[in-house]
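Both complexes below contain chain A, partnered by chain B and then by chain C.
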Partner chain A sequence: MRIGIPRALFYYQYFPLWKTLFEALGYEVVLSQPTNKEILRQGIELCVDDACLPIKIFHGHVANLIGKVDMIYIPRIVSVEPREYICPKFLGLPDMIKNSVSKIPYIVDAEFNMYKGRYYILYHLLNLCKILNINPSRMLLAYGKAMYAQRQFEKLLVKKSAVPLDIFDQKQEKQSQPYIKEDNNIKVLLLGHNYNIYDDYISMGLIRKLRKHKIDFITCEMVEKNEIQEGNKKLSKDLFWTLGKKTIGTAYYFLERKQVDGVIHIASFGCGPDSLVGELIEKRIKREFKIPFLNLNIDEHAGEAGFNTRLEAFLDVLEGMKYFEDNISTYG
Partner chain B sequence: MAGGVGPCRFGYYGEVQKEILKDLGYDFEMIILDPPQGHVIELINKIRLITNKNNNTVKDVVKAIRFAWKKAVLLDKIEKQLFKIRPRERYRGQTEKVYNFLVKDILDVKYEEELEDLETEIYEAFSNINVSENVTPVKVGIVGEIYTVLEPFVNLHIEEQLGDLGVEVHRNIYITDWVRENLFPSFLKPKDHNKILKLAEPFINCFVGGHGQESVAQIVNFSKMGFDGVIHLLPFTCMPEIVAKSAVPRVSQEYQIPVMTIVLDEHSAETGFRTRLEAFIDMIYHNREVNNIAVLSGN
Partner chain C sequence: MQCCLGIDVGSVSTNLVLLDDKKRLVKKLYLSTAGNPIKAIKKGLGILQQEFKDLDIFAVGTTGSGRHLASILVGADIVKNEITAHAAAALEYYPQAQTILEIGGQDSKIIVIRNKTVVDFAMNTVCAAGTGSFLDRQAQRLGIPIDKFGEIALKSKNPTRIAGRCAVFAESDMIHKQQMGHATEDILRGLCEALVRNFLSNVAKGKEIRPLILFQGGVAANTGIRKAFEEQLQCKIHVPENHDVMGAVGAAILAFNHVVSRQKTTNFLGMDVAFQNYKVKSIECNGCPNACEIIQLFSDEKLMARWGDRCGKWSSIIAV
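Up next is the complex of A and B:
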């Protein structure tokens, strides 16, 4: 049996877990192609117009899997941390797919809801057992293995300041070089949802471009959980979106320690949570820290030339501040 | 203002507004009422702050709430009357005038006892309106995100415009219904609410925040009640309603009911909006004619 996983949204966060789990259960895991123009086109065609870019692209990835697999794994991800939600579109994602994509293979849409506590993951697993007709003990064993792989993956992200694609690629080709850090590089905080930043097509090669310019960047995935928690203490009311919380926690933590030279925030157009999170971060930076802040909104029309111009201008500002500031005469 | 704990972003508006106002240099105290998550005392303290705890006793507060509730019920009642009578009125705008007059009357009432007298007055006022008896207006339901549906300025007075077109409008949400469903203890809740939600299950299987699931359920419900069409309203980028929107084409197909989704934002122009409404209503009339002919000719 082949099970398909769309290379979008939480692929960038949970792929090691899902891959190990299904392979341990004896399935062949099939990924959709990396995002490209055709996938985007299909996504736009299928999806409701009002959804955000990552959701549209997800539709495209699902369409890309049709005909290649026997079933597609699209869990209904309600909550991945206790007392927090993902955005409402994730809650309704399997429904959106079923309603808008025709002739789809069977969709494995077990609910993934840890709102009430972490051990509720068991319900998800039991649901999967029922749907896939698998012995629960075998499922638990596979889950243990999968969880181990997931932990390893998360540790690597933090320790090596790597991005998920480095790690996924290494497994396949073993030729991409690990990124070498230098001390005097400009440090940028790269904020945003992981499925936007790490998707090379959506972010228009932002990570490649930053590396080419020798800029060190920190993303939310490279930060320890307790550091994020510490950053979040500044909020007067807890945010209830996992990704928003991660973004804002990372931002506040590094801003307060003055460890970064600039901040880039990537949000998809029409993103509900980010419209508020971005606003909060921008206001705080303006008021207290006075460092350059670049807010990039992406949608399916984004032109790469304009994107590059803005990015380069921003990097010029950073460079100017970092390397030449000291040379300015203090006498005016 | 009110808060929330997600996943709709309404729950965090208050916090962001606080930041914005702070930046603009205002000195203020903001009270945000959140559903209690373990700290009931915090909520009670906030309520006491709002209700001016030094001057008012608990009894006064309860009395005020009861009074306000009765007024709200009455307001909803006359609004329902308005929707029913407007498409049948003989002189255009007469019902609207009576309605506006009555709303002012209700607002002016100072004591609970006077409300009963007013109620009889209301029925008289409405029964005096000149209506044509033999009209069967087109029936259209309005569903969608609660604030867009309830606030006439935001939805460009959709109910009034439809009424002008001779359409009988029904809404799925009234303010008193919302309070009953969400703030009342469970034994006082209306029983059919969950039953209606069940109708959405083939299309949207779980709670998606806000009123996404309700919207779909209500479309099905309206169709079962024999409505001619449904208009689905949502504010631009509203997350739960986008999920609902994705289900609309399938619902509309399976239940054979025309549904028009209208997305509203600050740029919505009344003329374009009106044109779309007229086209939608024209289509419904056309449908009706075609069906009637089909019945006559036995096809």
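Up next is the complex of A and C:
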């Protein structure tokens, strides 16, 4: 049996878990192609009009899997952290797909809800057992392996400051030079949802471009959970959804410690939490930290010129300021 | 004569400037891009060639949205974004500048400078309301020459209020006001105020605007807009003498500094560019589902450059 996983949204967060789990259960895991023009086109065509770009692209990835797999894994993700919810678009994703995409294979849409506690993952697994007709003990064994793989993956992100693509795509890793950080490099905080930042097509190759310019970057995935929590303490009240909380916690943690030279925020057009989070961070930076902040909105626009102009100008600003600081620091 | 050349290929105008070895302006050209940047660049170089027989170009910089095309065409030493270029030019003439307002053909930007360093900037987002091409269109619609726009607007004593948030709404609002019987100068003045209001609340949102304030770009020639800025900011606005070509001046200065500080020789391909026969052909690559549009530049029949691909499959094989 072949099970398909769309290369979008939480693929960037949970792929090692999902892959190991299904392979241990004897499935062949098939990924959709990396995001490309055709996938974007299909996504826009299939998806309801007012969804955000990553959701539209997800539709395209599902369409890309049609005919290549026997079933597609689209869990109904309600909550990934205790006492927190996630964007409702994740919650309704299996329904959106079933409604908008025709001739789809069977959708494995077991609920994934850890609102009441982490161990509630068991319900997800039991659900999967029922749907896929698998012995629960076999499932648990597979889950143990999968969890180990996921932990290893998360460790690499935090300790080695890797990005998911370096790890997932072993072939690519061999081709590209291992990335070496230098103390003197400009360091920016790269904020935004992992499925926007790490998707080379959506983010218009932002990570490639930053590496080419020898700019070090920190993303929300490279930060320990307790650090994010500490950053969030600066807010009088916790933000509503997990992803926004992660972004703002990371931002506040690093801003407080003055460890970055600038901040880039990638927001997808039409994302409610993004617009709020971007504004909150920008205001705080303006008030207290006086470092450059760049907000980039991404949508279906294919022209890279506007994106590049803003990014290049921002990098010039960072360089200019660093150079200027170095100049005055020698005089104390 | 030893000169450095700056080229700014914008959406509406293509500007060329020559600076001498003391960075003084020798010649500026403000040409219409008219949808064909290659032709505009060739025309510009042709004019310079005719006027200055003994031209020795030692540095070339390009900027503007067509900067990459221009750099391939002429062989630039430096290719810079508009923001850095405008700031470089402004600081050359006004070292105390702290804010630059720039309104061009299709974009508007604000650049915040402190201690001669750019510290923040913003550009208009999806909407191009209030930029040069919109003003141009409205002037055309009302049947007044664009260079008289500001002058006529300033005659107004009682400007009407026009919604400036969106160009489409602004136009229908203007038509409504004109059908109500408002005088043309009141409508024009109202439009100036609406556009400035829109600029300050959208592009300059949250930015600290401190004097000295410079107003650059083609629209700076419009005295109506300039006046509206002064009224709303309650501060004097300086318009540099060569406000319309500041991007090109900036590119020239950056190229000058780049070449002189590194003691390089220029990549400039020579004035002959003006007389070459260029052709562009675009093809769609079908190597992968991205279906990138590849643009190929031919000089006579020789392939000069290719670009537009995401993977580098085409752009890396250049026949030169």
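One rule holds in what follows: the second predicted complex is superposed on the first by the 316 of 332 C-alpha atoms of A that agree within 3 Å, B and C clash if a C-alpha of one lies under 4 Å from a C-alpha of the other, contacts with A are read in each partner's own complex, and residues count from 1 in each chain.
What we mean here is this: a residue touches a chain if its C-beta (ideal position, glycine included) is under 8 Å from a C-beta of that chain, and two chains touch if they have at least 3 such contacts.
Bear in mind the structure is a predicted one, so any value in this text is a computation, not a measurement.
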Message = Following the superposition defined at the top, how do chain B and chain C come out on chain A, clash or fit?
response = fit
Query = Which partner does A:Asn135 reach: the first (chain B), the second (chain C), both, or neither?
reply = neither
Task = Pick one for A:Gln229: touches chain B only (first), chain C only (second), both, or neither.
result = neither
Ask   = Once the shared chain is lined up, is A:Ile39 touching chain B (first), chain C (second), both, or neither of them?
value = second
Query = Given the touch rule stated above, what does A:Arg287 touch, chain B (first), chain C (second), both, or neither?
reply = first
Inquiry  = Looking at A:Val48 after the superposition, I want to know if it touches chain B, chain C, both of them or none. Which is it: first, second, both, neither?
reply    = first
Request  = Put down the vertex angle at chain A formed with chain B and chain C, C-alpha centres only, nearest 10°.
outcome  = 90
Task = Using the touch definition from the top, say if A:Gln152 reaches chain B (first), chain C (second), both or neither.
result = neither
Task = Return first, second, both or neither, reflecting whether A:Tyr85 touches chain B, chain C, both chains, or no partner chain.
result = first
Key: Contacts of A:Leu276 with chain B and chain C, given as first, second, both or neither   = first
Task = For A:Asp95, decide between first (touching chain B), second (touching chain C), both and neither.
result = first
Query = How far apart, in whole Å, are the nearest Cα atoms of chain B and chain C in the superposition?
reply = 9
Key: Residues of chain A at both interfaces, chain B in one complex, chain C in the other   = 283, 286
Note = The answer for chain A against chain B in the complex is residues 47-48, 50-51, 76, 78, 83-89, 91-92, 94-96, 99-100, 109, 111, 235-237, 239-241, 270-273, 275-276, 279-280, 283-284, 286-287
Query = Okay, in this complex, where on chain A does chain C touch?
reply = 33, 36-39, 201, 205, 282-283, 286, 290, 292-293, 297, 305-306, 308-310, 312-314, 316-317, 320-321, 324
Remark   = chain B contacts chain A in the complex at 3, 5-9, 11-16, 18-20, 23, 32, 34, 37, 203-210, 212, 234, 236-240, 242-247, 249-250, 263
Task = Please give the residue numbers of chain C that touch chain A in the complex, ascending.
result = 65, 80-84, 115-121, 123, 125, 206, 288-292, 310
